[in-house]
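The structure under discussion is supplied below as structure tokens; questions concerning it will follow.
Naming follows writing order (A, B, C and D), and every chain is counted from residue 1.
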Amino acid sequence: MASKLIAVVAGVGPGTGASVARKFSKSYPVVLLARKPENYEGLAKEINSNGGKAIGISTDVSDPSSLKNAIDAIKKEFGNDVGAAAAIFNASGGFLRKPFLEIPTEIFEQSIGVSAMGGVLFSQSFLPLLLNGIKQKSEHPPSLIFTGATASVKSNAQMASFATGKWALRALSQSLAKEFGPQGVHVAHAIIDGVIDIPRTQELLKDMPPEAKLSADGIANDYWWLHTQPKTNFTWEIDLRPAVEKW
Amino acid sequence: MASKLIAVVAGVGPGTGASVARKFSKSYPVVLLARKPENYEGLAKEINSNGGKAIGISTDVSDPSSLKNAIDAIKKEFGNDVGAAAAIFNASGGFLRKPFLEIPTEIFEQSIGVSAMGGVLFSQSFLPLLLNGIKQKSEHPPSLIFTGATASVKSNAQMASFATGKWALRALSQSLAKEFGPQGVHVAHAIIDGVIDIPRTQELLKDMPPEAKLSADGIANDYWWLHTQPKTNFTWEIDLRPAVEKW
Amino acid sequence: MASKLIAVVAGVGPGTGASVARKFSKSYPVVLLARKPENYEGLAKEINSNGGKAIGISTDVSDPSSLKNAIDAIKKEFGNDVGAAAAIFNASGGFLRKPFLEIPTEIFEQSIGVSAMGGVLFSQSFLPLLLNGIKQKSEHPPSLIFTGATASVKSNAQMASFATGKWALRALSQSLAKEFGPQGVHVAHAIIDGVIDIPRTQELLKDMPPEAKLSADGIANDYWWLHTQPKTNFTWEIDLRPAVEKW
Amino acid sequence: MASKLIAVVAGVGPGTGASVARKFSKSYPVVLLARKPENYEGLAKEINSNGGKAIGISTDVSDPSSLKNAIDAIKKEFGNDVGAAAAIFNASGGFLRKPFLEIPTEIFEQSIGVSAMGGVLFSQSFLPLLLNGIKQKSEHPPSLIFTGATASVKSNAQMASFATGKWALRALSQSLAKEFGPQGVHVAHAIIDGVIDIPRTQELLKDMPPEAKLSADGIANDYWWLHTQPKTNFTWEIDLRPAVEKW
């Protein structure tokens, strides 16, 4: 029963998360997770008024009890046997581009707490629902997709607070791909290498053509493409960057 | 004018190349390159009788004069101002899985001649047509796609004759992606990690479910997806493997 | 003044840490950090009775205040202007090789707490002493060396609790190498790929020749080699494995 | 018998090759291979007059018959049962930093001919002597060392003519390390990431301190260190760069 299959997006905001949620809401009820309600309320309203279904749940992915509450709320809404067709981890935490010795411990704790531990906790929370999605005969293999960054594969000077969490998250995604692929869950990792075109980045790359920024809707299309790959042809990792990007 | 845009596939045979040609033939006239006519004749006939257009040209991609002949034949057929919407390099040469000291020099010459030099010569021959595709206002960014393998990123014992050529080809694709991306040509590399389900591999993995092999049509779909990515969101590299593959 | 230059080893036990401490104790007073005194007491005694100088400090590298205590104890012993010629991070935390959904959260917290956060905290604590080592005109560039593992570059099924922390640590080491190399501190990362020959691994690989295991003293020699590289020729990363190892 | 053990260096010139030859000549008679006699004559004279032993042989590593001649000359000089303690491949061929479509085919043929095919032919020629070195009870495991570059792991725009050959060479070295390590031959690959301080680069980085360039003698020390690693602790790959290098 399709109505038993949901898509979950952690880390919705005005960028990638929102675009991904919109895209997947065309096929599944979507659950929007963010710490602050203002990050999902407008989006949930938009999706609901466009004929989709969305609920938002205030969630801190670095906190096991907060994730437990989210799962409880989801089961209350969609039933105890709810399955997930997709779970997308798009969250990231504290990051400060500064000389290493000037970065407060808390920044590292937040970054590693959200990207590394948050990725682990999110996966432990939603893999049971993804496995349940197989039983519910989801049309496409249930998908667990992680959003990475340039800093997932390259760790530059002053980038340690971001890169430590992102490398850990990539390691998690690779291990899970190898463990859960054979069970039918498609685990993928996307290296977003460039500036995404969202309100927050409006002032960046102003002297460049608009196509110098990644399209958030484009990323959502690519995540959907990953989701629709059949079991014979799983991709673990893609990189995504504007054509003009230097790399 | 769409009729001026072709897709070229080098290395057609009963597997990936044929599936890719079929897929792209739904949108473009396709040019099939293979050394032996028996590798493209049936396929060309099939595509032509299914409402598409295909021509085959006997070509050795490791030989500059043979590639020059191919370009001449293409221009004779499609006009001097022909553009390419896609050029797909799917060829590979000699390979022997044997102790290193037992491998004849010629095997290495063939492998490196086709994968490394062949990749270079193919790219030098068709990049002008791909750049011309931009002028012809192709709907999707003209795409140059290279088929890689597990041995493109891992070089195991006794695999040197294959891996040397494949690593060189991957290097080529990365350099071209960086040089021609900003010019509007999408250069991509696909790591095919597993056994492809084609007649030649029928006897392999017989004790496994059919989904233990990669689908050649699935690969073609993924190449098409790469081709349709907009300039804001180019992928250089994807890996593709069956869900049950150990890696 | 050489007496102002120390070497610090975090994560001493009966293996790599002890061998590294012995090696560096031939040139510097060594500070041994471990959570449990039984892990450094015998070693400190051995070094002191062999003509070297060693002190042990009970330290939890995942705890900022514990590291602060260690720094205070070091300054009390060696003076406020103490410099470090080498700081070696050899610690690692909780790890359970089990299906992902059966691993308790605490295991991940320990692994990430020690490998990722511990690496960060250790570096923030000792980089000031390493920078001080430059002022003290250390003979060799002060060195910050991190012990990695196979799981630092490959994240296999059921290895996520180890790999997440190790990938984060590798990211840290790369960022620090880029930031502190130009300041004269040599930051390096060693991928230990194989079983180390220590009492705890006595039962492993029993049907193989003794050389199938890595020598801990050999690793110490390699760390010393890294330490003695001049500023013109810094190595960031080495891998180390037995000749017979499959990889 | 030590007199039966030689070291071979392919690609001697005024830089790394010469430094490596000098270093290894302190322990072994050295054979210097270069296409042009002027590249080895002075060095051979220098080594011979400093108490070492060196012979130069005019050799084109991309030509099987030229390598066969070199082997014949070596056997004539050192006996048919000569063993090699070390064989170092330091050659590289044509390279042009230009837009891809402006690079003549011959440049690629030279680059791939020397780096890829040359590496293969050199290895097939000297691995039998290295295996013979084991029988001759060489003090250190016989070593086959390949000189790589930044372009061995990164393939930038306009660098394809260099990177294709260098990636192929790295693939070769990894495969050989896996095949011949268990047989007792140590195969290693060095990523030289920076400008080497040799006469030819005198004009480069003039506004930087001298330590901004790699020391060729330092590289030779590092190759010697690789050579002396015991069978328990083989390194396949090291990177080497000046402390101030941006990477």
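We adopt the following convention: a contact is a pair of C-beta atoms (placed from the backbone, for glycine too) under 8 Å apart; a residue touches a chain by one contact, two chains touch by 3 or more.
Since we're looking at a predicted model, the values are computed, not measured.
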Chains in simultaneous contact with chain A and chain B: none
Rounded Å distance, chain B centre to chain C centre (Cα mean): 46
Separation of chain C from chain D, taking each centre as the mean of its C-alpha atoms, in whole Å: 32
Chain D residues counted as touching two or more neighbouring chains: 178
Chains that touch, pairwise: A-B, A-C, B-D, C-D
Of chain A, residues touching chain C in the complex: 64, 99-101, 103, 105, 108-109, 112, 116-117, 119-121, 123-124, 127-128, 151, 154-160, 163-172, 174-176, 178-180
Touching residues (chain side chain D, partner chain C) in the complex: 141, 178, 181-182, 184, 186, 197, 211, 213-215, 218-219, 221-222, 225, 229-247
